[in-house]
Amino acid sequence: QPAAEPQEIKVGLLHSLSGTMAISEVTVRDAELLAVDEINRAGGVLGKKLVPVVEDGASDWPTFAEKATKLIRQDKVATVFGGWTSASRKAMLPVFERYKALLWYPVQYEGLESSPYIFYTGATTNQQIIPGLDYLKEQGKKKIFLVGSDYVFPRTANKIIKAYAAANGMEILGEEYTPLGHTEYSTLVNKVVQARPDVVFNTLNGDSNVAFFKQLKSAGVTAETMPVLSVSVAEEEVTGIGVDNIAGHPVAWNYYQTTETPANEAFVKAYKAKYGAAKVTSDPMEAGYNAVYLWAEAVRKAGTTEVEAVRKAAPSISLDRPEGKVTIDGDNQHTYKTARIGIIQPDGLIKQVWDSGEPIKPDPYLKAYPWAAGLAAS
Amino acid sequence: MTAVVNQLPIGLSIGAVLLLVALGLTFTFGQMGVINMAHGEFIMAGAYTAFLIGDLVLALPAAFLVAGIMGLILERAAVRHFYGRPLDTLLLTWGVSLVLQQLARDLFGAPNVQVPAPSWLAGGVGILPYNRLFIMALAVAGVVAVWLYLNRTALGRRTQAVVQNRRLAATSGIDTGRVDMQTFFIGSGLAGVAGVALTLIGPVGPGLGTYYIVDAFLVVVAGGLGQLRGAVLAAAGLGLLNSYAEFWSDASLAKVIVFAVIIAFLQVRPQGMFVLRSRVLT
Amino acid sequence: MRDLIRRNVPFAVVAAVALVAAPLLLEPFRLGLLAKYLCYAIVALGIGLAWGKGGMLTLGQGVFFGLGGYAMAMYLKLTEAGPGGLPDFMVWSGVEELPALWAPFASPVLALAMAVLAPVALAVVLGTLVFRQRVRGAYFAILTQALAAALVILLVGQQGLTGGTNGMTNFFELFGQDLAEDSTQRGLYLVTAGVLGVLYLATRQLVNSRFGRLLVAVRDGEDRVRFLGYDPALVKTVTFAISAGMAGLAGALFVPVVGIISPALLGVVPSLELVVAVAVGGRHALAGAVLGAVVMGYAKTAFSERFADGWLYLQGALFILVMTLAPKGIAGLLGRVRRARTA
Amino acid sequence: MLELRDVRVEFDGYRALDGVDLTVPEGELRFLIGPNGAGKTTLIDVVTGLTRPVAGSVRFAGHDLVGRKEHQIVRLGVGRTFQTSVVFEELTVLENLDLAAGFRRPLWSLARRRRGVSDAVAEALARTGLEELAERSAGVLSHGQRQWLEIGMLLAQRPRLLLLDEPVAGMSGDERERTGRLLTEIAADHTVIVVEHDMEFLRRHASTVTVLHEGKVLVEGSVEQVSADPRVQEVYLGRRPSDAAVGERS
Amino acid sequence: MLLSVNGLESGYGRARVLFGVSLEVEPGRLVCVMGRNGVGKTTLLNTVMGVLPATAGTVTFDGRDVTGLKPHERVRLGMGYVPQGHQCFPQLSVLGNLLVTVEAAKQPKEAVDEALDLFPALKPMLRRSAGHLSGGQQQQLAMARALVTRPRMLILDEPTEGIQPSIILEIEAAIERLHAAGLAVLLVEQYLDIALRLADRFLILDAGRVVRTGDSEELRRDDVRRLLAV
């Protein structure tokens, strides 16, 4: 029988609410919920309300795959926003491809991927790592020490950095990895101090950053003597690390709470109103917040939530978001993003000191960079 | 070369951290036969106490109390049903640890919090920052206190009597229930103290305990279950091993090397560094 | 004879439900989850044997599970490898030539054999080393836990060889069957259930045999057993190896069922979760171990679906309650009810 | 049969055995007495591989026992009981005995279920009078019943050399009598060493007695000789003349 | 009446071992409990001490109902217990064993010296780990440990088991002296002659029930002795 058109659209939010990753992912989920709220208040999509279905990925990659399946097959959601770690995305990817469903992934990552069923709203390497290196080069930093957590993103990032360095006359003095969750950095700090680099390129993840910066500081290293450029430390983490320990060090992102756009002013205000004045906004949160808007826009344009139609409608969508103009790239379903370097301020916020001027076209396989030719085989 | 020399004090300071986190564990393990997997979360409780109080020195006794009382509650509510079944307590307390982690996440939020280090700990001598020296001093003080308690006080003797023969202790006039509570209180309290110290060098968040618990157990095992001097030597040994292994390879490999060395070591000394021999068959 | 029938009635009922009713009644997604629980149940069976009967609390069973899983995953990856015969993750890790270690896994027979034999071999080596030195009880537990931690670090560090933290995923077919098909998944479920059933019967037989009695004796008085002329180290090593082999087989089944293997599945926490499941089910009875794995697996799914934010409390509370109120687990509780009825 | 030469055992510097020489020929029932702490149990421990001597040799039926593992020594035909009995509480009495009888089977053959009761087990049951309790789990046995089970397990092993550490402690008079007869019977074709403090028991069943004192052999001889020895009276039997001392049993 | 036990029942799990045992010990009297292996002697003493809960019946000590008290509370009221099977705190020194007990019972340290005077064999080994002592030495230690609590009644479970003859004589003499000094004793003993020499009264258990009571003279009667035979 012709069932009455449902008056709501279910969307899945799949992040780690427990386990080690909860520290980061909960805030992204919050930002996505905010977007859902705002859209609903503005009348919803295609005249229907969005109903978020929240699941916990529990910091466990197979659980992400299981919950993704559940959202698609059981709840029949129109799309899913979720994931943080590359591993969780890799685990979900086959599920979305198998069931031809859509995932919106909001975090900067190592690139070398472009699934037809994933939209990437965070930066790929040429929108964060490479601009970071460009900045260091401009600053005249020549000797680099690489410090990272032992997983895909840092290893890939460092490969790119090494290729870049080779092509730009920079020198890599050391490359060190520590297990995720590592907290004892005295040996590593000793190695770094002995090597005397101009700058440390830091791809450590999560809690390790706290230990690293605390122990670096007490070893007497300061941002003046040896700056540490981080690509996984955002406003959210700064409080936990302790402003004293990290103020003055540079970071590379596409968005800061201080980014001056009208959309951001509204975003920060709405976020603080909903979750508390003490809360800060950060790049991945903004990317997650954007994802919901980008999807909604695509649905409006397609006139349906049907996946293939949405995919077809999405390219060329361009919105003014807190970080500025964001456009979905038709080639690889990533987004155009502006790269920004910021310096951590004593108040815990990040002040932009450099930007790429305009949104950079995403290039997950670094095809446009001759020096990166050997990096991505396929 | 200086780098190699530097690793020596670094190794010792790593050892001090290990000792501090393992001390309470050795205590409850050695004195009660309880393998407390929630130890890590008592450490976390200590760290959060420091966060709430905001002053490191005041936080030390407060954290001892807070973690100790949590231990007391755990002991009365659950652990006491499990005496004589150490492997069961391991699982039980693990369940408790999961709940405590989630509780911390809900109470203090998922992100890390920051405990400001006192200004008098800024700076250092040679390669060792003052905060590392502070931790080393705290570890030494902890060991001395535990040793005195066990060997120089009537309470300590009573504690030993209960672990060695519970039923006999009861029929010798010892209030075993009270001794259990005291022991668990002290062991958990020591975890709280360790937690305060760790705020100086690491993250303060819901996951804090999980980062240290496996290493702490390795110290306990290598030292000989519940053996104070064993724990001291094992912590120092593992600290040095860690520091040099990481220096010459990397942090990941160092962990694997440490494990291999421990297995090899147990081939030579199966019951750990020091063994309490007894004639009783098991 | 009558006794034989009576003893096997519960088993037959459960088997009928599992093999006939479940595939008919459950949606494919739910059936897939059930297949996953059954994989865990196979590991749990091994833990029930090693811990419940043999007193060896192994907190590193994930290691063996993982070895089996990786062996299977390597085979699956090789059957669908892209250009140059390289699996996808090797390509993006910059590996240019297939590592020699991988070569044998192109053969399904070898891969399956490795899934069982590699865990068995590791268990034999570790068992011989530690049991001969009379390392036991809490020592053994903590050592196996450290083993799990160490293996995870090793796997994560060898990204080009193992896929690092990501592990391996994105499998398409198994023995020519499309893994995305519901019928393939149903088939996998039936195979898993069948393997579990057969292993259960075999383990039960073993436990009721003289060897089973010897094992209990070793658990309760290892030193005394020496004076009865047996070598407890041998008995324990054999048992440990059997349980490791089961875990390996479970891992091999798990990979096509769930579609991923990663270090996250074999570290300290998942290993502990399995032991906890056995404790909840009741480690003194093999059926308890199996039951525990299914119940805890289901509880985790159910709680986390219903209470995405606070499910850990429920999971923890369930576990703590069972441990405190029913030290012998659900099986012990059921046994008590049955005895009370017959008495 | 059993030959100890100059055996020395030290525990953290304490000399528990200080050069013991002992020869027990085949088919003898030898009693070992001596003050508490003289080293009797230690001596049994040395023979059965539980304790390693720092010096000296232990030979049994042509084999050197020092350095062998406990279970290997058992396989050579040496069995023992413990002063504090250790039985497997979760197994039934029958299963305890069956386990003791089964060590000669290859490990894989143990994977089959036990069917019926083997001769060795049946005999052990009969001799220890535990038939009634056969299906009970050993955990419910009283102290004395455990002592019997321990003896039964030793019998079921069918060893050539039996070492019993205070087998009748905690037994009532009748049971001592039964044990004594049993031991005499076994000694017909086995070598048996019994550690006991019960002089009345010795008087009834012992032929040769070795007295250990402070880790050395003090005297060796018949019960009469030994109890008449003033040194033995001094360190072991006590002031009263022996027959007025402890002895009469319920 | 110092100790009176009334209709006591207890057991292990669902297995009942004692079926309504009653007995009385007057101040300064020595009562000997006898019976074959496994009749429940140890179970009786354990229940009297509160190690096992009584499922029915009462235990009254010195006019006070102690049935619900914990073992250590009974010790502090003056019940000293030496369990069967020479038990000790193996990793404490001999002196440590005595000290921990004397402290727990809140008695002065002199009590230790008094106890050591009764068991001089322990004096040279005060610093050694109790777990390393021989069985007989441990049994003496156990007796000494019970005495340092300065009990008003001593409860002994086969104290002579595994002890060399000369020390049995000493223990017997010690019990006799303590008894003469007014200490009440509840003794489980297999050596009939010791029972004969020491006991004021005896009581024979069979299958968890008291089948006979009487004074020591009666113990010599053959029909009584038959109760003890297998």
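Of note:
First chain written, first letter: the chains are A, B, C, D and E, and each begins at residue 1.
Keep this in mind: a residue touches a chain if its C-beta (ideal position, glycine included) is under 8 Å from a C-beta of that chain, and two chains touch if they have at least 3 such contacts.
Listed by chain with UniProt protein names: C = Leucine/isoleucine/valine transporter permease subunit; D = Glutamine transport ATP-binding protein GlnQ.
These numbers come from a predicted model, not from an experiment.
With contact taken as defined at the outset, chain C and chain E are each touched by B, D. Placing every chain at the mean of its C-alpha atoms, the farthest one from chain C is found to be E. Separating the CA-averaged centres of chain A and chain C is a span of 35 Å. With centres taken as mean Cα positions, chain C sits 31 Å from chain B. Chain C and chain D have centres, each the mean of its CA atoms, that are 45 Å apart.
Computed from the mean C-alpha positions, the centre of chain B lies at a distance of 42 Å from the centre of chain E.
Residue positions of chain D touching 2 or more other chains, listed in rising order: 82, 84, 86.
Among all residues of chain B, those that touch two or more other chains are 102, 252, 255, 280-281. Those residues of chain A in touch with two or more other chains are numbered 18, 150, 177, 179. By the touch rule above, chain C contacts chain A in their complex via residues 27-29, 32-33, 36, 82-83, 91-94, 96, 153, 156-157, 159, 164-167, 169-171, 180, 258-260, 262, 264-265, 301, 304-305, 308-309, 311-312. Put simply, chain A touches chain B in their complex at residues 18, 20, 22-24, 26-27, 150, 176-179, 181-184, 186-188, 190-191, 194, 207, 210-211, 214-215, 218-220, 236-237, 239-244.
Residue ranges of chain C in contact with chain B, taken from their complex: 51, 57, 126, 129-130, 133-135, 137-139, 141-143, 145-147, 149-150, 153-154, 156-157, 221-224, 268, 272, 275-276, 279, 310, 312-313, 315-317, 319-320, 323-324, 327. By the touch criterion given at the top, residues 29, 35, 78, 81-82, 85-88, 90-92, 94-96, 98-99, 101-103, 106, 214, 217-218, 220-221, 225, 252-253, 255-256, 259-260, 262-263, 266-267, 270-272, 281-282 of chain B touch chain C in their complex.
Chain B contributes residues 154, 157-158, 160-161, 164-165, 167-177, 276-280 to its touches with chain E in the complex.
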